[in-house]
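Only one structure is covered here, and it is reproduced in the block below.
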Amino acid sequence: MPLLDEDRLFPVEGRARDLARALYDNVRDLPIISPHGHTDPRWYAEDEAFPDPAQLFVTPDHYVFRMLCSQGVELTDLGVPRVDGGPVETDGRRIWRLFASHYHLFRGTPSRMWLDHSFQHVFGIDRRLTAETADWYYDHIADCLARPEFRPRALFKRFGIEAIVTTEAATDDLRWHRMIRESDWDGRVITAYRPDGVIDPEMDGFAANVALMGQQTGFDTATWQGYLDAHRARRAYFKEFGATSSDHGHPSARTEDLPQAEAAALFQKALRGECSAEEADAFRGHMLTEMARMSLEDGLVMQIHPGSRRNHSGQVMAMFGRDKGFDIPGRTDYVTALRPLLNAVGMRSDLTVILFTLDETSYSRELAPLAGVYPCLRLGPAWWFYDSAEGMRRFREMTTETAGFYNTVGFNDDTRAFCSIPARHDVARRVDCAYLATLVATGRLAEDEAHELARDLTYELAKRAYRL
Amino acid sequence: MPLLDEDRLFPVEGRARDLARALYDNVRDLPIISPHGHTDPRWYAEDEAFPDPAQLFVTPDHYVFRMLCSQGVELTDLGVPRVDGGPVETDGRRIWRLFASHYHLFRGTPSRMWLDHSFQHVFGIDRRLTAETADWYYDHIADCLARPEFRPRALFKRFGIEAIVTTEAATDDLRWHRMIRESDWDGRVITAYRPDGVIDPEMDGFAANVALMGQQTGFDTATWQGYLDAHRARRAYFKEFGATSSDHGHPSARTEDLPQAEAAALFQKALRGECSAEEADAFRGHMLTEMARMSLEDGLVMQIHPGSRRNHSGQVMAMFGRDKGFDIPGRTDYVTALRPLLNAVGMRSDLTVILFTLDETSYSRELAPLAGVYPCLRLGPAWWFYDSAEGMRRFREMTTETAGFYNTVGFNDDTRAFCSIPARHDVARRVDCAYLATLVATGRLAEDEAHELARDLTYELAKRAYRL
Amino acid sequence: MPLLDEDRLFPVEGRARDLARALYDNVRDLPIISPHGHTDPRWYAEDEAFPDPAQLFVTPDHYVFRMLCSQGVELTDLGVPRVDGGPVETDGRRIWRLFASHYHLFRGTPSRMWLDHSFQHVFGIDRRLTAETADWYYDHIADCLARPEFRPRALFKRFGIEAIVTTEAATDDLRWHRMIRESDWDGRVITAYRPDGVIDPEMDGFAANVALMGQQTGFDTATWQGYLDAHRARRAYFKEFGATSSDHGHPSARTEDLPQAEAAALFQKALRGECSAEEADAFRGHMLTEMARMSLEDGLVMQIHPGSRRNHSGQVMAMFGRDKGFDIPGRTDYVTALRPLLNAVGMRSDLTVILFTLDETSYSRELAPLAGVYPCLRLGPAWWFYDSAEGMRRFREMTTETAGFYNTVGFNDDTRAFCSIPARHDVARRVDCAYLATLVATGRLAEDEAHELARDLTYELAKRAYRL
C-alpha cells in the first residue's frame, strides 16, 4: 500500500476535488524553481554519496530533532554534535531506531508528509516507518545511498530542479559554487548574498568579518565608504556565481534611513564593539535601506526574513550552538518598521523587496495592505512553522483578497533537507490548486483563470520575481 | 455567458449549498440599508450623469488604483489628480485601457467581484474585461451613462436603497443634503456627524475648523465650554438632516475620561498648536468620552473606526494628498484603550457604541469579549481590507461564539464607489447565508432560526442599531 | 423532536462525515477525565439537591449572564448577588422567564449547545426553550432536581466521570475534600493547588493569606525561606487530597529567575504592601520559577493560565465583585516571558508545564513552536472564549502542524457549571473527531492512526499529562 494518498490535500467535496486534481495534473511535473534555500553547495560540487539514513533524515534536520527533543529525547542520542566535541551517538542505526520508535509524534505535521513523500518517491518504500520496520528501512535506504543514482547530482535531475539557490555569507569564498561552475555538470546552482555577518554588530565576529571583506575586495572597510564599496564588490562577486538576490535575516523588520554621517558614526561604534542594543538595531535597520539602494544599482532582488528570536535556550546554545530548533517566532511589526526604507525607495518599480514573516497575524493586517500598494514589495510564501498545508492555506486566504496573487512570488522550499525538496514543492502545488479549485467552486474565479494561475504560482512568479 | 456564478460564495457541499441558497432567496431582494459610507451627497442632490467609465470605476476608487500602483502603474496615468495641479492623464479611454490590461491582477479579490457584479447587473455586460474588450466596454458603459436611467437617483431606486448615510465633517454646511431635502425626490439620504477635523489637534486646520464651528453656532469656541456647546449645536444641526450617528476615525481606540479642567487645558494647548503627540492623543481620547456623553443626551449612535496608519508614503502624500490607498492598518488595542470610556458610560444600555477594526486579531481576543458583556457596545461588520468573502467569514467565525449575532449590526458598505453598493451588500448577504447554512448543516442552528437570522443580519439589525 | 442533531459538528461532506462518526462512535462513551475545573467540592461532599433551575443554569454561570447583560438585562434581575447585600431578584421562576425570553441571543454560541445538551441529556427535554415554554421548563427541571437521581453524586456517575479536579486556594482547608474522602462514596474528586492568593502581592489580603499559610504549616512565613517551606508543606497537604497539579492565573506569562536575595527582598516589600506594579509583576514571575522547581521535587504538574484583564468594569466590580463576566483577554507574549523559567528548568523532561492562552494569535506563532521543542512544555486545550467548536478547530489547525498532537493534553472543561461537563466533553470529542476525519479525508493521516489519536485526545493524553 502506498504511503501517500493520491488526492491528498485536495478539497473533500467531489466537484472541488475534481477541479483541484485537474489543476494539479497540469502543474505536477513542471520543473522546480527553488529560489531560496539552504542546501549545501558542496553536495553538488563533490557529488559524494550521502553517508547514512540518519545523517540524511534525522541529525541535520531541525524540524525532525526538535519534535523528538520536545518529547524528552536527548539531542546527543540523535547524534547532534556538541560544541565541546564531547561524545554523541554516532551509530546511524541506533539513531534511526530511536527516530522510528517516535515516528507517531509526527502525525498531522508537514514533516510526516515530507518524510513519507521521500520514502515513497525517492526510495520506493511502501510500508510505514515504525519501531518494527526501522531496521528494514535503514538497510533499504543505506543500500540505495550507496548507488550512483542516489548521488546529489542524480537526485537533482530526478527531482526536476531547473534552478536552485543556496545562501552564502557575504565573506564566503564560494569555492563550491566555483567547483560546480568549473565542472562539466550542467545543473543550475546559484548563490545568494547573505550579509548578516557583516551587517549585524551583535553577531560573533562582526569586526573580523568586516575586516575579511576588506581583504577580499581591496577596500578599506575601516571606513564607512570603504565598507559600502566592499558590499558592492562582494555583491558583484556573488553575481558572477549567478546570484540574483540578497537575503537578510534580522530580529525585526526595522529599517532606518539615517543621514550618512550618522550611519558612518554607528558603523565606527559597531567596529569597536560599542553599540548599544538600540544602536545595533538602528545600524541593521539602516543597512537594509543601503542594501535596497544597492539593489537599484545592481538589480539584486532583496529578501527580508525577520522576526526569529534565535537561540531561545541558553543551555542548548551553550551545548550545541546555533540552529538547533530553538529559534522561536515573535510578534513582528512591518507598518512602522518598513516606513523609512519605503519612503526612501518604496515607489521604485525597478526594485523588488520580498517580505517573509513568522507572525501570521501580519498577513492580512500589514503585509497584504503594504504589498497591495507599494510597487517594490512582494510577499514571500508561507515560511517556517507555516510551510505546511494549513499554514499555506491561511497565507492565501489572508493575503489574496487584499494583495491579489501577483504580489506573491510562488514557492520557496527554504530547506536544508535535500530529499524534502520535491515533497515540499508538491505540497505547495497541491495546496495552491486546492485553493484555486475552491475559488472556482465558489464562483470567485473562472476555470481558465485558475489554470493560468496554477502555472503562475508554481513556476512563472518565482522566475519573474527572482529574475531567474 | 454571465460574468457571475449564481451560486457564488455558497458552501461547496450539496446540502449546505441548498440551505444557503434557500436562505439567500429570502433576503436577496430586501431593501438596502446603508448606514455608513462615503458616497457624495452631491450626486443625489444634482442628479447629474457620471462623467465617464474611468471616472466612475477607476480614478476615484482606491481599492482599484492601489492594486494597479502595486504593480508599477503610475497614479498619474490613472488620472489621479496631483496636489500641485500638474499634468495627469485626462483621457478616460486611455485610463480605461490601462485598467483593462491589468484586470487579471484582481483575480481572487473582492474588487473583481464587485466590478463584475456592476458590469453584469448595472450595465448588462456578459463578457470579461480584458485588453481586447476594453474599448467595447468603454463605449458600452459610456453610452449607458448618458441615459437618464443611469443617473444617481435612478440607480438609487434601482439598487433598492431604503436609506443611505453619507459622512460629513462637523463644519460641513450640508448644502447637498439641504438641496436633496428641498427637492421633490423622496430618496432617503441622511448625513452622519464626523468631527475628526475639530477633535484631532494634529489635523491640518484644526484651530481654523474650531473657529469656524464657533461662527456656525454662535458659541465661543475659544473656550472649552463653548467648544462643547458648539459640538452639541452642530450635532443638533446634523440631526435636522436626519443624522442618527456620529463617526470617529482615530489612529487608535484610546479613550480618556479626564477631569474637566485637564481637558480644558489640553484644548487650549491644542488651539495654540502646542500639543505634544501624547497630548494630542489624550485629547482625542477624551473627546470620544465627551461624544459618548453627548450621545446619551441626543441619541446619536457612535461609531469608532480606529487603527489606520494614514498616508504611509510621504512621497505619495506630497504628490497626491490623502486617501490614495496608502492607509495601512496597524495593531490596535481595545481592552485597555476603551476602559476609560466604558467605565464612564459603558453600562448604559441607552447608549450604542459601534466598534470597527482593521486588526482582525482583536475579533476573538478583544472585541467579541467586550461586546459580549458591555450593554453599550456593538460590533461593526468586517471593515476595510476585510470587506471580502474570507474577511467576513472570519468575522463571523471569530465573533459569533462569544458575542452572538445580536451584538453585531448587520452590514455597512462604507464605500465611495456608488455602483459597488448592491454588489457589496450582495456579497455580505451571501457570506452570511453561507455561514448560517454551515451552522445548520453542522447541527449548530435550527433552520427556522437561520431564516430569522438571515433577515436580521440583512436588514433588521442595521435599522435597529443605527436607529433608522 | 430532539434538541440536538446526532451529527452535529461533523464535517458536512459525506465521506468525511462518515469517518468522523466512526471515530466518534469509538470514543463517545469513554469515561470523562476532567483534570482542571471549578466545580464546587461541597456539592460532592454534601450531595444536596441543586436549589432551582435558575440557580443551576443562570445565576452562577458567567457565560450565560454576561450575554444577557450585553443586551441590557440587569444583573440584579438575574439574581446575581450584590457586594453590599442589597436587594436582587430571588424568585427563580422570574429569573428563568427572563433568561428564556432572551434565549435567542445564544444562537451560534457554545452556551446554546451546552444548554441544549443538558436539557436533552440530563433532563430529557425535547422542545426548545422560549418565552412560551419557560414555565414548562422551569417546572420540569425543578421536579427533576427534587429527585435523588439528580443529586450531584448520582449525576457524577451518570456523566461517566472517572476523575474530576477542583481548584482550591493554597490556604483552603480542603474540608469538603476531606468530607468526600471520609465518606463511603467512591467518586474520584481531587484538588489542585492554586496559590495566586499567596503569590500575587496585588491580591486583596496577600499578607494575611501568607500569614495564614504560616499558621497552617508552622513555618515562619515572614521570612523568604519560611515562605518557600510553607509552599512545600501546603503542596504536600494538597497531595494528600489527591492533587497532581498546581494552577497559576497571572495577568501575563512573565517569569523571572531572580537571585534568591533579590527575590527575598521583593517578598519583604510585598508583605509590607510596598511593591510597585513592576515589582509585583516581577515577584509573581519569579514565583512561577520557584513553583516549577518545587514541581521537580514533588511531581505536581504546573498549569499556567495567563492573560486575563480581570474586572474590566469598575462599576460592576464595585457592585457585584469578581468573576462577573468582565474578565477580558489581552495580548499575551510567551516567547520572552517564559524564557527565564525555561532557561532554569525547561530542558527537564521530568517536569510538565501546561500552557493556556486567551490570545489565540499565540497558538501558531509562539505556543506551538515552544511546545514543539522544550521537553517540559505541553499545550492546554482551547480555553475560555475559545472553548467552542470554531475555537477548538482553530486550536488544532494552528498548533498541530508545529507541535503535533502529543504535545497537547486532551480536554479540560474548566467549568463551574456542573451540567455542562458532559456537554463540553462531547463538543471536544466531536470537534477532535471532525478534525481527525478531515486529516484522513485529505490524505494527511491513516485511518488506524486516527482511531488511536481519537482515544488519545479523549482519554489517554489527559491522564498521562496530569499524572492521573
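Which chain is which? They are A, B and C, in the order written, and residues in each are numbered from 1.
Just so we're on the same page, a residue touches a chain if its C-beta (ideal position, glycine included) is under 8 Å from a C-beta of that chain, and two chains touch if they have at least 3 such contacts.
Since we're looking at a predicted model, the values are computed, not measured.
Homomeric contact chain A/chain C: same residue numbering on both sides for under half of the interface positions.
Rotation angle, chain B onto chain C, C-alpha superposition: 120 degrees, expressed as a multiple of 5.
If you average the Cα atoms of chain A and of chain C, the two centres end up 40 Å apart. Of all residues in chain A, those touching 2 or more other chains are 13, 361, listed in ascending order.
Every residue of chain C that touches chain B in the complex is listed here, in rising order: 4-13, 66-67, 69-72, 104-110, 112-113, 128, 309, 312-316, 325-326, 328-331, 358-361, 385-386, 388-391.
Those residues of chain B that touch chain C in the shared complex are 11, 13, 15-16, 333, 335-336, 339, 342-343, 346-347, 349, 361, 364-366, 368-375, 377, 397-398, 400-407, 438-439, 441-446, 449, 453.
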